[in-house]
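Working notes, beginning with the structure itself.
As written, the chain order gives the labels A, B and C, with residue 1 at the start of each chain.
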Amino acid sequence: MKKLLFQFDTDAFPSVFDTVVGYDGGADHVIGHANVTTDTVVKLVEGAIFTRAPKDKKNTAIFVGGSSLQAGQEVYDAVMSTFFSNFRVSVMLDSNGSNTTAAAGVARLKNSTSISGKKAVLLAGTGPVGQRAAVLLARLGADVSITSRSMSRATDACKAMSSQYNVELNPVQAATNQDRATAIEDAQIVFACGAAGVRLLEQSHWSSLKQLQVIMDANATPELGVEGIDMMDRGEQRHESICWGAIGFGTLKLDLHRTCISRLFDDNKTLLNIEEIFSIAEQLAG
Amino acid sequence: MKKLLFQFDTDAFPSVFDTVVGYDGGADHVIGHANVTTDTVVKLVEGAIFTRAPKDKKNTAIFVGGSSLQAGQEVYDAVMSTFFSNFRVSVMLDSNGSNTTAAAGVARLKNSTSISGKKAVLLAGTGPVGQRAAVLLARLGADVSITSRSMSRATDACKAMSSQYNVELNPVQAATNQDRATAIEDAQIVFACGAAGVRLLEQSHWSSLKQLQVIMDANATPELGVEGIDMMDRGEQRHESICWGAIGFGTLKLDLHRTCISRLFDDNKTLLNIEEIFSIAEQLAG
Amino acid sequence: MKKLLFQFDTDAFPSVFDTVVGYDGGADHVIGHANVTTDTVVKLVEGAIFTRAPKDKKNTAIFVGGSSLQAGQEVYDAVMSTFFSNFRVSVMLDSNGSNTTAAAGVARLKNSTSISGKKAVLLAGTGPVGQRAAVLLARLGADVSITSRSMSRATDACKAMSSQYNVELNPVQAATNQDRATAIEDAQIVFACGAAGVRLLEQSHWSSLKQLQVIMDANATPELGVEGIDMMDRGEQRHESICWGAIGFGTLKLDLHRTCISRLFDDNKTLLNIEEIFSIAEQLAG
């Protein structure tokens, strides 16, 4: 019986990234659906839960993705509301790599330094990855800030995660590279989560910061988010800091993502959201 | 050479149900297309008939689905109009499970009692399953009624099937559970075909009906269509009647659906619509 | 590791033709995306280049298709602009079979006669196949005309190919079968590239032309483009001319198309556009 992964994407195209990793994680077929909403997902889920005998249901699984974490979370919740008794299949939420990238990133930060009591700044952290990384760092005891060009977006992101995960996060407005330099000047941990190809920080903004223990950049498309970090950096010492580039910690992200896909097919009850995915990340990060 | 099943769905999403059964029925790949219309299907069909050598064409097949039986029937007809000489592939029509669910249901009703001369009521039977089940029961000699909350919908459904299949069907307006109770009070056969999660009949409405020989419910999502039937019932005797729940006869429906998919790849000329599918259902129902 | 072919189609449906040939060419999975544009393709390409290790990237490839060659060429260019250093995968452009059908057709014309110095007419040649065949014939030294019902469409097609490939092409207005008869009366080579089921030329228009060495019709759907040619003709002598029908040279087109797909997976750097595809066509045509 074939392992079928239904990829429910809230965007107009099912993410190619998620499709490839779905196959590499062991799905026999990845079936993408675009523009999935809380309304339209119900019938799709019914098709997933009513088609196979109880012992075979573990061979059907659902992946929820897309660029909006809020839309993804809502679809994930709608998927679970459609389940009843044993009419259910395993589900993973990873909108825009939010959970796997954040979990892999934070696992690598934790490999590089202790987190508790440190000041951590998520640069351009209002997106899915930044939001989830903020939750993980706050739960590990860090004092966490999220910067954004817009104060209202920073505040919204902090509120969304605070209310969902009961953590305290600090919104910071930082519109320019110089503003972001100011935001990190007393931080021990910096994680740049900006859009592909957008520079957030120049080398001079961080190269002389003695308190900066770890700096990580999730952007793999030139130009990179943090000048002076190589995208291949895997815990490289540069200036005063341990550096992680997008491909450097991306190896763990991909390994984690594939491992999560593989776990979906262990049974028909697995639910993978931020906590479960971070727990797997910690195991893989050793 | 891979067995390719092209799933042409008239809805905005290719049915997950049909995709899963496509794989379980033996297709190597199920390729879903949404929003398929009589106009857009022509080029899709040309791609199916011009790509493989004559001896290999049996490895390409077409499945037409979607929530509207009328739209599906029109697309099915348009598919066949595009074929010429040996430029053709096998095709199955099963909009919303209309043919497989109706055929499996009626085959199970026929396992439970003789049909000819009986009064049969399709509760909320204006959808694809109800329409097709009505045709099958009428052809087996039953006096068949279709109920609907709206008289015009009931009339339209009866007319559509009457003109296509030359059978006589009786439209009945039944807006409430009590109306439906009235509609079945002299019926020997009741088949509830309503929407998922919608209660159509309370237990007290049928539990004391001595003439009611078989009662069947196609709704597998709580709350069920007929109170007092368990969705797992497989010919269970309850009160005066033999009872079939959605999962109970759904095993045959799924087996039938998979068998039909498998038959599509026997040659490049197989056409599976209601008659052919009911004939396979009868073989499988033993 | 599975060979994944991402089919980026500029039309509203990913071409079934291209999907089938993708599988028959050796892709393990063909993942279709519709309505792809230069804007939306960037994120899709990022998913293709960031998901697999360098040695594994050859197992991911991109096919660009759709009915508009211009839209396809723009998407193809946008795909390549997204690549950087070794973050790239193999790509093939074949909008509407433009490259494979044109290359196979011209390879068969070249099998049948010498091209250099001949007058060649592409009937209804403003579409993708006609445009590309015109380029190939001009490069082989023919004096090439493209006919269209509309002079402006003929001129646009000639200009598009002239500016891109530095060849000279002659636009000709020919609205009726009689106009097209006039357009070919001193041609040695005629290639009919019109829409499926549209008659372009009657038998009397070409049967007595002594100078007409080869005549080819790309239309496989009755009625055929050139009356008097059978769609199965493979270099058949009819009247004064060697004749090729759509299925007759279509065998090479399909073989070529499949071979190109297979080549995509040889490494992660292969780019298949008209020149590369014609070169493969010449090898296959012997």
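To be clear about the criterion, a residue touches a chain if its C-beta (ideal position, glycine included) is under 8 Å from a C-beta of that chain, and two chains touch if they have at least 3 such contacts.
Note that this is a predicted model, so its numbers are computed, not measured.
K.L.:
Residue numbers at the chain A-chain B interface: does the shared fraction exceed half, giving same, or fall under half, giving different?
P.N.:
Interface between chain A and chain B is built from largely different residues.
K.L.:
When the CA atoms of chain B are placed over those of chain C, what is the turn angle between 0 and 180 degrees, to the nearest 5?
P.N.:
An angle of 120 degrees brings one copy onto the other.
K.L.:
With chain centres defined as C-alpha means, what is the inter-centre distance between chain A and chain B in Å?
P.N.:
So the centre of chain A lies 43 Å away from the centre of chain B.
K.L.:
Provide the list of chain B residues touching at least two other chains, using ranges where the numbers run on.
P.N.:
29
K.L.:
Taking the complex as given, what residues does chain B use to touch chain C?
P.N.:
My answer: residues 1-2, 4, 6, 29, 31, 33, 36, 40, 43-48, 50-52, 60, 84.
K.L.:
Write out the stretch or stretches of chain A touching chain C in their complex.
P.N.:
Checking each residue of chain A against chain C gives 12-21, 23-24, 29-30, 32, 196, 220-222, 250, 254.
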